[in-house]
Structure formats: C-alpha cells, structure tokens
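Next up is a structure, given as structure tokens.
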C-alpha cells in the first residue's frame, strides 16, 4: 500500500538537478599561451590531512615563485587544488574532474599511495601525466607510462641506510617496529625486512602499532627485553615522535640507535620529540640540512611564509611543481599530454631542492638518498 | 547530450560509488527494517569483497562465481554471528556488531592473502556501472516485494513492537536472524562488486567510519521505506561533490558544511528525507503511543 | 488554596480529562475517586506540571500557575507523591529523603531528615538501605515522607494504597490522618473509596474524564452511586 | 620479571588514560541513555585549546588548563542545546541522538582542523617538568604517576560528588527516573545541561592530559580513542563511574598482556575487541553495571 | 476445559506477583478476571500468552502443558491477546495492522510475490478482504487506510482486538478492553464480546468496569495480592464480602 507512495520520479528529479548543477562547473578552461593548469589532488581533510596541508604549502610556494618570475620563465602556473579527503573514492572524482572538467596539463598527487593505486590507473587510461610527490608504495609507477614520481621510495632509501648502519655502527641484531595498518609504514617494513636480510642482520623481534596509537610502551618494553643493537622503525612522523620519546623514557639507552626511513624526515620529529630525538638516524630522500643555495633559499622562503620549517613532503611537492613546469615548458604546450609525458621522461640532472634530479627509465625518482642523524636539535648528514 | 557525456566523464565513478553505497545502505536497511541496529555491514562487505577478490585474482574464478561465493560466505558468517548477538538490543547490539567489525578488520590486516595494509592490489576491473545498478534494481525490487511476504510482515511487526509481534505468533528470534543474515548476504554482494571496481581494496575502506556512514545514509534517507536508504546514500555520497561544485572551499569548511547538513536533516526531518515526499493529506498527528498508554 | 477551572488534559487525540473544575480549601482533605482510567492521575499530573494542561486554569493560593514549570511549583509548596510510590530505587532511603527537600536550604533539610526519621522509625532503621529493597508499604511511607521534606502547603497523594497489604494500607492512612490533624492540606486520589471517604472532608467523583458528582465525604459514603461506579449496576 | 612488572605498569597507565576519557562518556550515557559520539571531538578540542592558550596566548598551564576545561564545558552545553534537547521528546531519541552527535562531532572536528591546523603539535617542552624514576629495568615517569593519580582522584571525586553533593544526587535521580525527579522539584532540563557540562569538561581535561603525556595533539586524536572508550564503558557497565575507570584499566591491561604473553602486537586490538564481544554476549550489563538491558 | 491454570506462582526479585493461582476456563465461555490494581492480573495474562514464564505451576491448554513455551508457540496453538497499554503498530495503517495479525493463518510465500504471480495477488486480495472483515467486526472499517497512530483511544483498542481476531484464535485474552472508553463504546464492546462467544470463541478478560464484567461473564475469578480470592458467577462474586472489601477497602463494620 505504502509502496504506492514511493515514487522514483523524485530520484530522477534530484538526479537531473545534480546534472544541471555540475554542468556549471564545466565552463571550459580559458586558453592562454603557456598557461599551465596543474591539478593538485591532496588530502586536506581526513587521516592524511597533516601531509596534504604541508604539501599544499610547498606547492603554493613554488607556484608563487614561478608566477612572480613569469616574464623570464615564460610560463604561468594556474594551480587547481582539490581535497580528496584521504579517501580513494573522492580521489577518483577529483581525478575525473581534473581530466575531463578542468582539462589540466598534468596532475600532481594524490597524497596517499592507496588512493594513487586507484586514481593513477584512471589517469593512465586517459593519457594524463601524473607526478606523484609522496607515494612510496610499490607498484605505483608500474601502473603505466604516464605515471611519474619524484618521491624516492623506501626500497631505495632503506637498503642504503642499513648498509651505512652496519658499516659505521656495527649493528648485527635489531628489533623492528612498524605500523601494520598503513600502506606507507607497511611498505617501509617490507623494505626494511628485505634490506636486513640482504645485509645479514638478525631480527630479534617484530612489533606493530596502529595508525593513531599514542601509547607504544608495551611494544617497546618487549623490545627492550630483547636487547637489540638498534631499533628499526617504520612510521610516519606522528607515531615516530611518540616512539622515540617513550623508548627513551622506558630506559632504552641512547647507545641503542633508533633508525627510521622517510617518515622520520620532518622537523616535526625535532619539535615533538625534543631531546629524545638526539641520535635518531634516518634514511631520507631530502636533505633538510643541505647548504646548497637552492635548498637554503627554499627553507628560508618557506619558513618566512608559513612560520615553520618545511618537511620532506613540502620539499617534494615544491620540487614537483618545478618539475611539472619544466615538462610543460619543454613540451611547449599545456594541452598536449603526450608531449608533456615525453618531456617529463627526458628530464635529466635538473637542479631541484632534492638534488640533481633525473627520472629512471621506470619513471621513478633518481637521486642519491641521504642518511641523516639528529645532532644538537638539528638534522645533520650522518658521518659528516 | 554532450553535457551528459561530460557529466559521466567526471562523475562516472561517483555514480558507481553511489550505487555501491546504496547497496550497502540497503543491506543495513534489512536489519533496521526488523528493528535491529547493527553496525556490522562494513565488516560483511569486507568479507564478501576480500573473498571475491581473492577468488578472482588468485584462483582464477569467474567474476560472477567469485562474487556469489563471497556473498554466501558473508551470509553464513552473518548467520553464525547473528544467533548470539541478536539477543542484545539497541546500542548494545550496535556495539557488539561494531566490535565484530573491528575484529574482522584486524584479521584482514594481519593475513598475508589479503595483502595486509597495502590491500588486495590488482583485482581485475570487472564491475560495470550497469552491473551495479542492475543489482541495485534487483535488490531494491526484491526488498520492495519482500514487504508483503511473510518475512516482510514479520520484520515490520518486530520493528514496530517486538512483544506484540511475539504474541501474534511471530518467532522473533528466527526472523531477526533471517533479517541479519539477508543483510550480511547483500553486504557481501556489494563488497564483491566493490572489490572489482577499483583494482584494489584496503582494510581501511571497511572500518568504523564506514559502518557509521551506512547508518547515517539510512537515518538521513529514512528507514520507513525501502527507497529511503538509497536516497540517503545518493545524497550523502554526492554531497562532497555537490559542495565542491557549489564552490564551498576544500578542507575544513566543506567538512563543517557536511556536518551541518546532517544535523539539519536530523533535527528537522525526523523520518528522513523520504518524509519530504510523503503525500500530505494522510493524517500524521498524535504522540507516540507509549505516551498515551502510560498515563491512562 | 487550589482551584481548578475547566481543566482539560489530552494526550494527542485523546482527551483524558474534560473540563473538570473543583477546589481544595486550606486545611482540608479532598478526595478524587473514580474507577481506573477516569483521569484522576492525569489531573494530579497537570496540577504538578509534569503534563501540560490543554485548556483551563490552575490557581494556587490565588495565583495562576498553569504555565509554571514543575520544579517551580514544588518551590511554591505544591508537592505530589506519585502513584506506585516511585521511590528512587537505586538510592538510599536517606538520599530519597534529602532529595525531597531539593529546593530548600541544605541545613534545614538535614534537620528535617532527622525529624522525618524520628517520625517514621522504620525509615530511620533503614536509612542506608537502597529504597528499592524496602517492602511496598515501607516504600509508600518513604514516598510520603519524601514529599513532606519539601514542606508542602498542599500534598497531592496518588493512590497511596495501591498494591499494599491491608495492614500497610491502614498504616498509610493513619499517617494521612496525622498529617491532616497537623493542618496539612491534602488532595487525595484513591480507588479504595471507603478509606478515602473516611479520611476526607469533601470528595469529587470522576468517570471517564468527567466530574459526575461531588459533595461532603459523609454524604457520598452512603451514596449507592459510588458503589455502582465501582462495582457496576450488578450490586 | 622486570619485563612483566613494566608491562603491568604500562597497562595501568594506558588504562587510566582510557578511564579518564570514558568517565565523561559514561556519565552522559548513565543519565540520558544516549551515546554522545561527539565526546571524542570535545576531548580533542580541549587539548588543542589548552595548547593554543599556552603557546599563542602565553598563559601558564595552570591558567590554560582550567580555562580550556571550562570552555569544553560550554561546548557540552552547546551540544546539549543543539543536538540533544530538540530530540528529547522524540520516540527514537537515542537513534537520532546518536546521529546528531555524529554531526556535531564532524562540525567540532572541522573546527579543530580549521582553527588549529592539521599538523601534529605538542605542548612546548618543559610546560610541565617530568621526572623519570628507574628501579632496575622498570621506569616510571612523574607524568604517568600524575595521570594515574588524576584518574583515581576523578573516580573518587566524581563518585563522591554523585553520592554526596546535592547536584550529584539530582543527577542520579534524573538518571533513575526523570518524572519522579521532576516531581521532587528538580529542574530536569537544567540538570541534564549540567551533566553535559561536567561530562564535556572532563572530556576536555582528559584531552589536555593526553596531549601533555603523549606530546602530541592533532585534530583526529579523538578517533583512535573513541572506539576504545566505547569498549571501556561497556566493560565497566554503562553509566558507572568506577566502572569506567576500572573498565579502562581492564582494557589497558588486556592490551599489554596480549603483547606481553604472545610477544607480538599484531593481535592486540583483536583480542581486546573479542573480549568486548564476549562480555556483551555473556554479561551485557558490563562488569559493574546493575541496570537492566535497555530497549532500543 | 480449554484452559487450566494450576497453582501458578511467579516472583519478581523476591516479590510474589502471583502466588499459587488456580483457574479454569470452559470452552466457549466468557471468563472475567478482576481484582484491584496490583493483584497480578496482567502477570497472569502474560504467563498465559507466553510473554513471561511462571516460576512454578502448570498451565494446560486443551489438556496439553504449555507453561514456559515462547509466545509464538502459544499463538500457534490458538492463543491471542490484547495489551493493557495497547500495543498496536503505530506506523502501519489499520488494515496493515490486521494483516500483520494474520501471520498464523495466512500463506504469504515470497517468490510468487517477487514475480508478481496472479496467485500472490489473489491471495493478498483475499487476505485484505478478510482483514477488512475483522475491522468491520470491531466497527472501524472506515479507518482502514488511516495510520494507526492517528486513531482515537477507543479505536486503538478496537484495532488491537481486530488484529487479535485476525489470527482466528481459540482463546482470546483481553486486558482491560474498555478502560477509558465512554458508555457507548463500552456497550459496543460488550456486543462484540458476546458475538465472539456466540461463535464458540473462548474469552478471558481483565476489566475494571464492573458493569461490563458482570453483564458479560459467565464466570468470574477475583485475584487479590496474587492469590485467587474466589471464583463464581457474577451474582456470587458481587455479593462475596471479601470481594467487596478488596474493592472498597475495609468498611467500618469490619474495622
């Protein structure tokens, strides 16, 4: 009886209204000579909001710099920032909007590897170049020849770090501590595990935590009981700071170094862990303490603009915008995605804040990682 | 026509997600229709999704078979879980199903075959938009037709008043379990379709917040009518995009607008969005009967 | 002291009390009697302010209190002892008493609690027990004592004999008689007509939400109509 | 032996943190039978606001602490007014109240995100001085001791308040029977608002202590503890103050003991939620609950 | 005897709500159950309909022990009831309420409905006609398509009875069917009860309206404090001194 009152017409009306509404979005891109529209799909809300925010700051800084020098560079960047709310579902819509609505030159992002696994396939199918600036999971660039990344993966950073640790510190047995519910930290763990096996370092215990955990003492207590030479941690900086502080509070001496990966390379570690961070070692893609002029300028400009120093995510996003502009400039077109892809793949030894930058044939970042250590409240290159 | 093509180019995936979310919302609706507040649908979707994905990817099963097996397995788990938990009522049932969901998520996270945190990657993309909407249409139709069947009458009676339903001869335990199992079956089905949509599924897509979202779809849409949950799923899945379209800035403001709209619906549309479309003229006056009975 | 004018109480479409008027004079005990469902409790609840009056006026000490919130009416000295006792079962006897004086200064309340425990020795003995563990009769005494803690000017007693053994009923009505002797004004709702009429000066008879009869209690006691209202024409 | 002792201390400590969070949570549930899912968001705002007062406004912690606790209390009043009071007369008030509290949680969280940014931040070093005591392999920090002490103090204090203070007794009376409470002259709506005030103020205090100890505050910090808080109040018995603290301790100990006994931490949460599930099935009123199971 | 209650006791947390109650109801009779508030009448009805189980004692339906069976089993054996505080399904229409009540007797397979088979439509039509007949029986046919929550109080009572009738019960338990009704409604209800009894249905009813009870019931059982005070015909019961006492309180001659 009541089902008579259920009218699907209502649904149809809503649907139509929705179409009309969205039609307004698609007022096409105004064509200007070498005005490069770049879509940035970042996580500004949700679980990865902290990373999206710093990425946006880094990217915005680069955009401002490039546009300020438009006359000389001959290119104007029009950034389109969109929030994927840290969800693959929304990431897909953002990508579709960039590709079909905004008709951008190329896309930078998304923040999370999980999202990229899905969105990058869409871009690949549409022939839209994507430059990942923070995805480090396995298999991202394998999605296709339009997918690039400037973020050095843990697979490259960590073996290098472990090699140094074994040579310089004489580490033979370690405890491994990682976040098992997050693609980044789990990927880091896989990299550590492989690197440790390759370097013949024994793993005495493996402990895990979950994203959002604040208390790590039960696991660290277990680790302490095993007396490792070092603790190898795969974590993002929120958890990393807590782990470092609590390890020291539980009486794990500073003589047992804590070794991390890319996730540790953030000023937030220094700010949040304070003195406890002293002596923490990490392999990283970006050398925060580099005195190269380009890098120094970036750190100063960033700090001046936002009131806090940049982290690796900001640096990689910053470099990403420059790489994107370079590709568009070389391609000489903001709409010919094929040309932009080709130009991007041909970038070689470009000076960036990440160092001399090239893409490997697999479109991954190719520059030397750095092993850093916290010394006197600052990042320093290990061994220098 | 071009505008429509453009629309689908941008929002095709959104249309897919709306369909999947509507299916999931319907699965929860089945238990809500029998008056039971469950937050387990996300976990059942995970069971169905992972099972189907693994069967297609690693065992080479055909798509439809995988999805069917995933769905049936999810239904079986629903049956086993349903028997003990359905003795609980209200929030207690909700929390029991929620903790079941957490356990499922953690198990998925720790298994090798599911790919752990990085998810099950490389599931072939076999689910098509028409497939989702065909399933949705069939499920919606079946649920609409269920209304006048024996089970449908029992669900509705139990929801309205469990004691009176029992006194009328309804085996409440049986029908509550049936509703729960059917819900799990449908959630498993939706999970299987979802798994074959995006190449990848991860444990995070089936967590606490998803479970809560499904409940929100139902409440916002309205649980008095089978199309309420679909309407809720449609509106709330599209809401971020609508806000994006209307130029509400990304980030916190959009999030706040999202929350505000939810709040307004709850405060001013007690029976959900469907009540907007209920034909006026049918008398709706009167306090809930309990208030009357108590005083006389 | 209390004057009810054309009071109508309704729940949704259902009017349970229709245009009822009556009054309670200071220092008297007035009874509302009538079969179940006649609307007696609804009248008390409207007087206490826990259900709204749909129409009509409630005057207390000459003041119109129809729209006054329930807790303010307690401050004014209008206190109900609810049907079925409704003690706070999970709280101790003493706490129940203390809460009875919720709207009065705490020092006075503590003195009154002691006084009340002297007056009802059984409550004094059980002061640390959970109210829910008392027998029905003890709970009724507690409910009355709790009502007295508010220092009421007018006490509304709803079915004090409900579900009590005859002995306890007697005890309860002895208490009511004492309160009356002390000069307290009481509006009593009772289904035990004989007892109620014996202890009151004036009575109103309700049937199906309407006032059907009223008069001095003595007169009504002999009225056959009362009996018929309860036991039907068969008697 | 040291290892086990240290683990027990760890469990005691994290359990106290859960308990602190759960105390306010359970208070509202006890009075209103409504799960206030915005509690975690208030917890977050409390911590972040205190940090802002210390860092940006330059107040000492001794001023910032009470100020932000007070502000959280006011948030509680807003919560009651906006999300709960309008629904109170509705037949499905604990259904819709659940959803409106989710809506408020989203709004609060977006406010935290908008006002304080998404980064994880901490109180400036040496906001409080921290001592570390060590005996053999065991170490305890002064902050840990303080937090356990605060948790116990709150448990005792709040229980005493509810048992002895007039307002506390009024809260219990409303929780037990709001109609009777009204007849006793208790301003029920006022008492409910007051309960929200205390509950949210306690939530804010827990947020500050949490932030102080873990040296990390972020807009989503409430999320990870929300679900565990829910588990804790079920374990302890909904509405029971000692239950919340002891349930917190039980939950914390079950976590560390899982790690200590199995040697790995993969199953930590799975075990905790399985325990919760089992408690719900076997003893739905919780360890300390005496109240009957309530209908939805 | 259709129904025999033997020595049934029910305690709630130490309080004896029923204490050794015995009761026999003849087939086809209208049996009244009276007593002051709190005497245990509703508890007894709850036991007879399977909502609660007795702590001890036996209940026999047609000679078969049924105590402790769940409510749906008792309903299947032909016991239907109404509730003192009216438990209709408020969001359903009146007709839907009654059709829900057909659960025990109606066949409603899912698949014929799913495929819109004519048999399903026919069946539903028949059931609708039957439900309408039940509504007509209680005199609220005109309200068939109203949501139940929009009914007046008396109509709700009748609707609840119509729903109970829909299951074609052998034994109908009515808990205060005319409470709060006006004289006219009471009379109509009386006629309804009589006609049901005339058709061979057995009724057990709780009621405070004595005129109603005395006029309808062939036998009456009086409960007080959970015990059977007496059982007899209306004449005997209404002149039973203990009954008068229980109702009117201790009269002065006794005090």
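Per-chain numbering from 1; labels A, B, C, D and E assigned in written order.
Note that a contact is a pair of C-beta atoms (placed from the backbone, for glycine too) under 8 Å apart; a residue touches a chain by one contact, two chains touch by 3 or more.
Fair warning: this is a prediction, and the values are worked out from it, not measured in the lab.
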| item | value |
| --- | --- |
| Touch-network distance, chain A to chain C, counted in steps | 2 |
| Far-end chain from chain D, centres as C-alpha averages | E |
| Of C-E and A-D, pair with higher C-beta contact tally | A-D |
| Chain of greatest Cα-centre distance to chain C | A |
| Centre-of-Cα separation between chain B and chain A, whole angstrom | 33 |
| Chain C and chain D, separation of their C-alpha mean positions in angstrom | 42 |
| Between chain E and chain B, distance of the C-alpha-averaged centres to the nearest whole Å | 40 |
| Inter-centroid spacing, chain E versus chain D (mean Cα positions, whole Å) | 49 |
| Contacts with 2+ other chains: residues of chain E | 96, 149-150, 153, 179-180 |
| For chain A, residues that touch 2 or more chains besides their own | 2, 44-45, 47, 180 |
| Where chain D touches two or more other chains, by residue | 110, 113, 266, 269 |
| Residue numbers on chain A that touch chain B, as the complex places them | 2-3, 5-8, 10-11, 14, 18-19, 21-26, 44-45, 47, 81-83, 85, 88-90, 92-93, 96-97, 99-101, 113-114, 117-118, 121-122, 137-139, 179-183, 185-187 |
| In the complex, chain C residues that touch chain E | 12-14, 16, 35-37, 136, 159, 161-163, 165-166, 169-170, 191-196, 198, 208, 227-228, 230-235 |
| Footprint of chain D on chain B - complex, ascending | 35, 37, 84-85, 87-93, 95-96, 98-100, 102-103, 106-107, 110, 208, 212, 215-216, 219-220, 251-253, 255-256, 258-260, 262-263, 266-267, 270, 288, 290 |
| Contacting residues of chain D [partner chain C, same complex] | 166, 169-170, 172-173, 176-177, 179-188, 290 |
| Chain B-facing residues of chain D, complex | 35, 82-83, 86-87, 90-92, 94-96, 98-100, 102-107, 109-111, 113-114, 227, 230-231, 234, 266-267, 269-270, 273-274, 276-277, 280-281, 284, 293-296 |
